[in-house]
Structures are given as structure tokens and as C-alpha cells.
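Going in written order, the chains are labelled A, B and C, and every chain counts its residues from 1.
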């Protein structure tokens, strides 16, 4: 039952921070936050060693709708990824949040603002873990809504007009999406055997044959609705507005973890509610594949054209998440394994990239890609991390990204959908090239600024260890997955065998 | 006859007497009488509720000496007792929550009148809930209108007087239609007691005669009550009446008065016309369509509104639309969902009005959005309560609004024709709700530019804060443990027939 | 159909009056005319009730020389309802009139539209 503690411990810690009257000492605050993050991480990792599926019913919302938590392999990998990224980004923000103080002074008010940030940060962590362990659709929906509401203060953090508008956009897209999925929940409650996630789906054969049409429509709505969180076309516009306005560590968790809630939702809906056999080779699968391929291509193109680094990374998130969604939509063993692996890789890599962007902003205040000439000379360690992480995202060995894309491409090639078995891999390839095109210029101009670069004024600007170590850790994890993939792949293929 | 069977009649009479006594009392004493009365009536209703749950059936109390077809009767089942209890609770909280404002806004010498009117209002609400006689219902509908009009007008300014004039006019149109329908029904069936009318109506209907007059009766009654409960497009009087009257009045009017009429309509559907006859008429489709339109247009008007009180008022229009949509679905589940929404909306809307007043008070009394910036920091509990109310309205799980939406949706999927329009409009209106409520919540939590906020301490507003906490609890309880309430509603509706 | 209407002329007249009153209450902008409309509407309903309550050739249910056959008397309840209704409509009219007086004192006009315009000018 460790996982129940790992859900409520961070939420309670966050609420404690939020209601605490004042902060006298910043140091104490940081130690509290670090302690809470570390304890949560330990609790989550413990679930990995837990034997047998744990079930925990919190209480009954109505007599047919219990709030239920359940630990399975999917919850374990998603929650471990989430908690590691939160830990690293949390440590990073200890240094970074100094920068967000408007007047530079350590006034009481700015402490309060920072306290609020950490409070919501911890609450969001708890909610994300709750999502990972949610055992039925209603619990999932509940925490999905809470996730939107509790992560919004992170977007709103600096309180500017731009941030408020972005926050509202985020809210409306998410709520619209959540409602579409709620729509589905009503139908599944009627036609499904149960709302509890179970491998292979809960739709009874009789309902599938008598109400097949409306159930497929429901599935499509739920895909689009939860796809909003995962930035799937046509509801992706909020992502690139909302992610960049948050403070960098918050952008990192928004882009690396919170969007994965959408992916997790789709995994649960497709493989645990509707079931592969119900959806495979229906129009829903076709539309879903088209949408995700479209998003991959479009995200890469837009990222390629975007001058601001953080926004470019946000567009990259749109595109990379659709790799995952595409893999899930293919619905064969290889592609799903690749998708799940890419969930991990993209999580670590995108967090590392956003933290790099944040460190650059923190040290130099530069936000546009073209301003970053020679940045590699100023902060070499950071830029090396950036480069390695980028290579992972492009899919070059020996990083984890290579392995996941390999599985994705292989799965796509053996897809049973005519046409998609060649158009899928082609788009993956083109998009990988575009990924190289939008990520590597920073490295190239950073390390090779050209002959006319002003070397006289060059000073080392390597940020403090609180910032470099999280980035290093995240990059290292992404490389380690690539070097020693057997264990992870084993674990993932166990999941895949169960759900296919 | 058991002792508890006297309670419904006693509580109605108590309210009337309290009103009469209060009219000769000073302000403080009148308030004391009123509060005691509400608490006593709550206990009586609670007792009645337990009594009816234990006996498992509704009881009839004969007023006067004449037996059934001629005399006047009171009838109490689980649902009636529960509604009476709930109305008392909301009334108590609303009166107490707006007390401070009442002292500011009403002339010193007239405050006692406020309590007189509220006692009268409670008596008429209880009578509407309990009565088994259609003409008695009409008389108390009018008493309710008069008391409500007084509650709007007691704050004297141009807008409230105009609002009450418009309120009276719309109400009178509604009650005129209702009375006409009632007379025709009496003409058709020869009875005034609900149970007897129902028997006759079933006979007439099965004989196939008088179909058109029966249809006209149904139309007149439901349209009359719909006008009175401010169903779109009859809501023009509502924003001014709720927006400018003193806050307790707004809370009571939006959460009780309009709900009293809807409860009467539901009673008429079940106990007078008969559920099947009502559903076979086309009138429910009209109610359904206007309900849907209300859900959308009410929210759209609320989005355009720049005044927080009027915004909440327009949201009432949308919520009334939900209730009529549920009635219009023509299923048991739809009406059960409407009943739950009556409770949930009553709890939420009065919370929002009371919380909004706390927020505007710390913003220099201005109700404009721009002035509300950061108000939640100045009055923490009001901010928290407003947020809870908003989340409930938007339909976030754990709050009452989610359960009612869930019930509406469950009812909708049972009706193949009305399923899609109902679910789509539910979706649109949820998103519209989210737009204006979340806009307000973000506004009140945005730190103000000048950075200084004079926080209100707990001590200054102790009773106000406690009321807000009660409201929040009520909302969360309805949201978290809704099953007993839903069961109770089901049991009560079963007792209707 | 036509014959029915003719034989039930009392009800027809009362419904026509009801519609006239309803229309006046709804559409007139002058408050006094509205109140007159209200009274016409209510009276129409009482006429309807009274018409329905009276049965040609029967007498008032007042027992003078022993209870006769039930067929002798008319139904007294509609008359009772009319009385109750008149009381209600009197009190409602009084309230409406008092509101009208208040509005007139404030704005020196009885026209509801005019009052609306003044209120808008007044602003908040």
C-alpha cells in the first residue's frame, strides 16, 4: 500500500506549504521541499518492488462509482518517470526561482510567492502520482481535472497579462477536453461491465455488437478529449502558449510529465477500457493514426520555424508526444513497446532540455535561438548535456531515444493498416530530420560561433551545481536507457503481452 | 395518529404566527424569533423525515373536519420532509450570512419587516411543499410572490423597485396562467385535492375524451410555473432582482423561491396530472427545448456581464435551464436528477451570493471585475468559498455540481432521442460556465498592482466565516456522499404516486 | 365546434377577457394600465369559475326546508374559490399599486420603458 502514501504525502505537504502563514527563512523552505520530494521518490520507488497488484478503495462517490487506486506495471513506470523528473526539476528550481523575484530583493512577499510555487509543485506531483495509480475511469477523471486546476498556478506564476491569458487558454482547452472524455464516461458506465481498468477492455461483446457505432464515436471523443492534454491536433494550440510562460522548471514538468497524463489517459482508455480487439481496424484507428501523424509533422515544422528556444521546445513536445500516440495507435506489440519506452525517454530528455533553456535564461537572459551564438563556450558543461539530450530526441545511438524510435518504426512497418505501414515510417524519418534541424543549430552555433565571434568578452558563465547536477542526472538517465535497454524492454514487454 | 404527523401543519402555522408576532417586535427580537423559528422548523422537519423513512410511506393530515374529497389536506412523504429541512437550512445560512449587509442596506426602523417577510416566505414555501390541495397551492404561490417582492424591495433604490415591479408583473402573468389552468382542471375533474384529481384525470385520459382541454391545462400550469421560476426566456426580471437586492434576499430568492415553484411543478406532474399523461403531452418537449436554450443563453449573458452579482444571477438562468431539461427528458431518472440539482444549485448559488458579498465588501463595495483583483487575499474565506462554489458550478468531481451533471447525463443516455442534444448542450454549458467562473476565480486570486492588501481577520467576521464554512461543507457533503441523498430522492419520488 | 362555442358563450367570453387582460399586463408599458390588465385577467378567471359553478335551474345550497335531492343545489365550491381569489387579487393589486406609487415618486412617470431609460442614465 506504499503507493497510497506516495499520493497523499506530497499533496498534504503541498497544502501545508500553501496554508502556512509566512516564510521566515528561505533555506528552511527549500529543505522542507527537498525532504518532501525525496520521501515521495522513495515511496514511489518502493512500489516497484511490491509484489502482487495492490488495490485500495478510498471511498464510494456513489454506490456504483468507487474512488479506487490500483498499482500495475503501467502505473509503476509512469510514476517513477514522473517522480524522477519532479525531483530533478525541483532541485533545479531552488536556484532558478531566485531569478523570478521581480525586484531582486529577498522580500517577504517574494518568499510567499515562492512558497506558493512549491506548494502547488508538490500538489501537482501528488496528483500526477494519483493519476498513475488511478484504478478506474472516475478516479482518473477526478484527478485529471484536479491536475488541470492545480497546475494552472504554475503557468500563472509570474502574474503577467500574457501568463493570465495563457493560463485561461490552458484551462479552457483542458476543460473542453475533459468534458469530451466525461461524455465517454457516461456511455461506458452504461455499456461497459465496469469502470475499473482491466486488461483487454471492459466492453461486453453484446454491447459491442448492439451499440458498436455509438461506442466507436465515444472512443473517438475520448481520444480527442484526452488528446488535448497530450497536445494532439486539432487541440494542441494551448500547449505552445502555456508551457513557455511558466518558469523553466515548471515548463519542464509541464512538458515532460503533465502532458504524459494525456498519454496515460489514452493508454488506459484504449487498452484498459475499450480493448485492442474492439478498436483495431476500425475507422477510429484510422482517424487516430492520421491525426497523430499530422501532429508529428506539423509540430516539427512549427518548431523548425520558431525563433524562441522555449517555444521551440514546446512545439517539439507536440511532435514527440504524437510519436508516442502514433505508436499506441498502431496497436501491435513492437510499436506499443516503443511508445512506452519513448514516454520514459521523452520525459527525461525534454525535462533536461527545458532545464538547459532555463539555465541559459537564468545566466544570460537570452531567449531567442539566434542570440545563443557562442553559448557553448560560455557554459560548456550545460551545452554538452543539451547536445546529448538533443541527440536522444533525434534518435541517434547510443541514447534511449534511438531504441524507442527503432521499436516505433519497426512496429509501424509491420502495421496491419494498408498504407500506414510505409507512410508512418517515412513521416517518422522526415520528422527526425526536422528534429535535428531545430535542435542542433543551438549546439552548432553555440560551440562554433564563427570567426567573427567576440572572444575577448567571453567569460565562463557555468551555473551553480544546483542547476547543473539535475541536468546531468536527467541526461545520464536518458543515455543509460540507451546503453542498457534490456531490463526496461523486458519490463515493458511484460505489460504489452498482458494488454494486447 | 402518530404525534409526528402533526408536525407539517404545525410548522406552517408556526411560521405564520411568528410572522404576525414579529411585526410588533423590535429588530433584535424579530431576528431572534425568526432564527428560533427556523431552527424549530428544521427539527420538526427532521423528525418528520425520520418518521416517514421509518414508516416507509407518506401520510395524509386532514385539515379541519371534512374528509377526503371535500376537505383540505396536507401530505408528507420523505421528499417533502427532506425539502422542508433543506429549505430551512439554506434559509438559516442565507439570513445569517447576509446579516451584516442587511444592517447597512435597510433602513434601521424597517429591519424587523425583513424578518416578518422571511417568516412569511418560509411558511409559504413549506405550504407549497406539503399541501395536497391545488387551490391552497395557488394561494400560497401568491403569498410567496408577495413576500419575495417585499424581500427585493426592502432595499430602497430605483433599481430594486423597478426590479420588483417587473418581478411582480412576470409573477402575476405566471400565476394568472396557473390559476386558469387550475380552474379548467377543476372543471374537468371536479376535485381540488391532488390524489382525487389524479384518479379522475386517469379516467378521463383513458376514456379518450377531453384530450385537448387536458393538454391546455398541462400547458397553462407548466408554462405558468415556468414563468414564475424564471425559465428562459422569462428571465428578464431576474438579474436586476437578484443583482441589486440585499444579499440575503438574492440568496433566498435564487435558491428557494424559484425552487419552490419547480418543486410544485414536479408534484403536479406526479400527483395531479400523472407522470405518464404528462409525458405523453408535447409540453415536455417545449420545456426541454427552453431548458436547453436557457442553459446556453444564460451562460452567454453571464460571460458578457461585468458585474459579479449580475453574473451569478445570469448563471441562475442557466441552472434553472438544467432543471427544466431534466424534467423535459420525460424519465424518472431525469426528474430525480432535477431534484438533485435543485438541492445542489440551492446550496451552491446561495454560497456564491454570500461569498461574493464578502469579496465586494473588501473591494470598496464595487462589484466591477477590475476592482475585485486580489479580493481573495483580502478576505480569505470568502475567496475560498467562492472558489468552491465555482468549481461546483463548473462540475469538478467532489463537489455537488459534478453529481448533478452525472445524474443528468445518466438520465440522458436512457432517452435515445434527447440524448445527443442534452449531452452536447451539457458540454457547451459546462465550458461556458468554466469561462466565467474561472475568469472570476483567477481575477480574485490575481495579486493587485499596488501590492497592499488589508486582510480581514477571522475575528472581525466570525459569524460570516462560520456560515461560509457551513456552506462549503454542505457542498462537499452533497458532492462526496451523494448516494444517500439520491436514494432519498428516489424513495420520495416513489412515494409520490 | 361552432355550436359548442355558442352554447358555452360564458366560458368563451371569459377566455377572451383573460387573453385581453393577459395581453395588457404583458405588453402595456404604463403601470396603471398593466394593473388594469391584471384585474381584467383575474376577473375573467372568476367569471369562468362562476359560470362553471352555476347550473341552470338549480338553487343556492342553503337548506331552508329540509335537505332536498342533491340535484337541487349548485356546487358551492366555485363560489368559495372566487371569494378567495378576489382576496388574493386585491392584495396583489394593492402591492402593485404601492410599487407604482414608489416609482412615480422617484421618476415622475408611469412608463416602465421611460423608467428603464432613466435608470440606465443614472448608471450604477
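We take it that a contact is a pair of C-beta atoms (placed from the backbone, for glycine too) under 8 Å apart; a residue touches a chain by one contact, two chains touch by 3 or more.
Please read these numbers as outputs of a predicted model, since none were measured by experiment.
Distance from per-chain Cα centroids to the pooled protein Cα centroid is smallest for B.
Put simply, the chain farthest from subunit A by mean CA position is C.
Highest inter-chain contact count (C-beta pairs) belongs to B-C.
One inter-chain figure worth recording: subunit A and subunit C are separated by 69 Å, centre to centre, where each centre is the mean of the chain's CA atoms. Separating the CA-averaged centres of subunit A and subunit B is a span of 44 Å.
Subunit B and subunit C have centres, each the mean of its CA atoms, that are 28 Å apart. Within the complex, the subunit B residues that touch subunit A are 391, 394, 396-398, 403, 405-406, 409-410, 412-413, 423, 427, 430-431, 434-435, 438-439, 442, 446-447, 451, 480, 482-483, 486. Touching subunit B in their complex are the following residues of subunit A: 59-63, 109, 138, 141-142, 145-146, 149, 156, 159, 164, 167-168, 171-172, 175-176, 179-180, 182-183, 186-187, 189-190.
Interface residues of subunit B facing subunit C in the complex, by the touch rule stated above, are 135, 138-139, 142, 145-146, 149, 153, 158-159, 161-162, 164-166, 168-169, 172-173, 176-177, 179-180, 183-184, 186-187, 192. Across the complex, subunit C meets subunit B through its residues 18, 21-22, 25-26, 31, 34, 38, 41-42, 45, 48-49, 52, 77-78, 81, 84-85, 88, 91-92, 95-96, 99-100, 102-103, 106-107, 112, 115-116, 118-119, 122.
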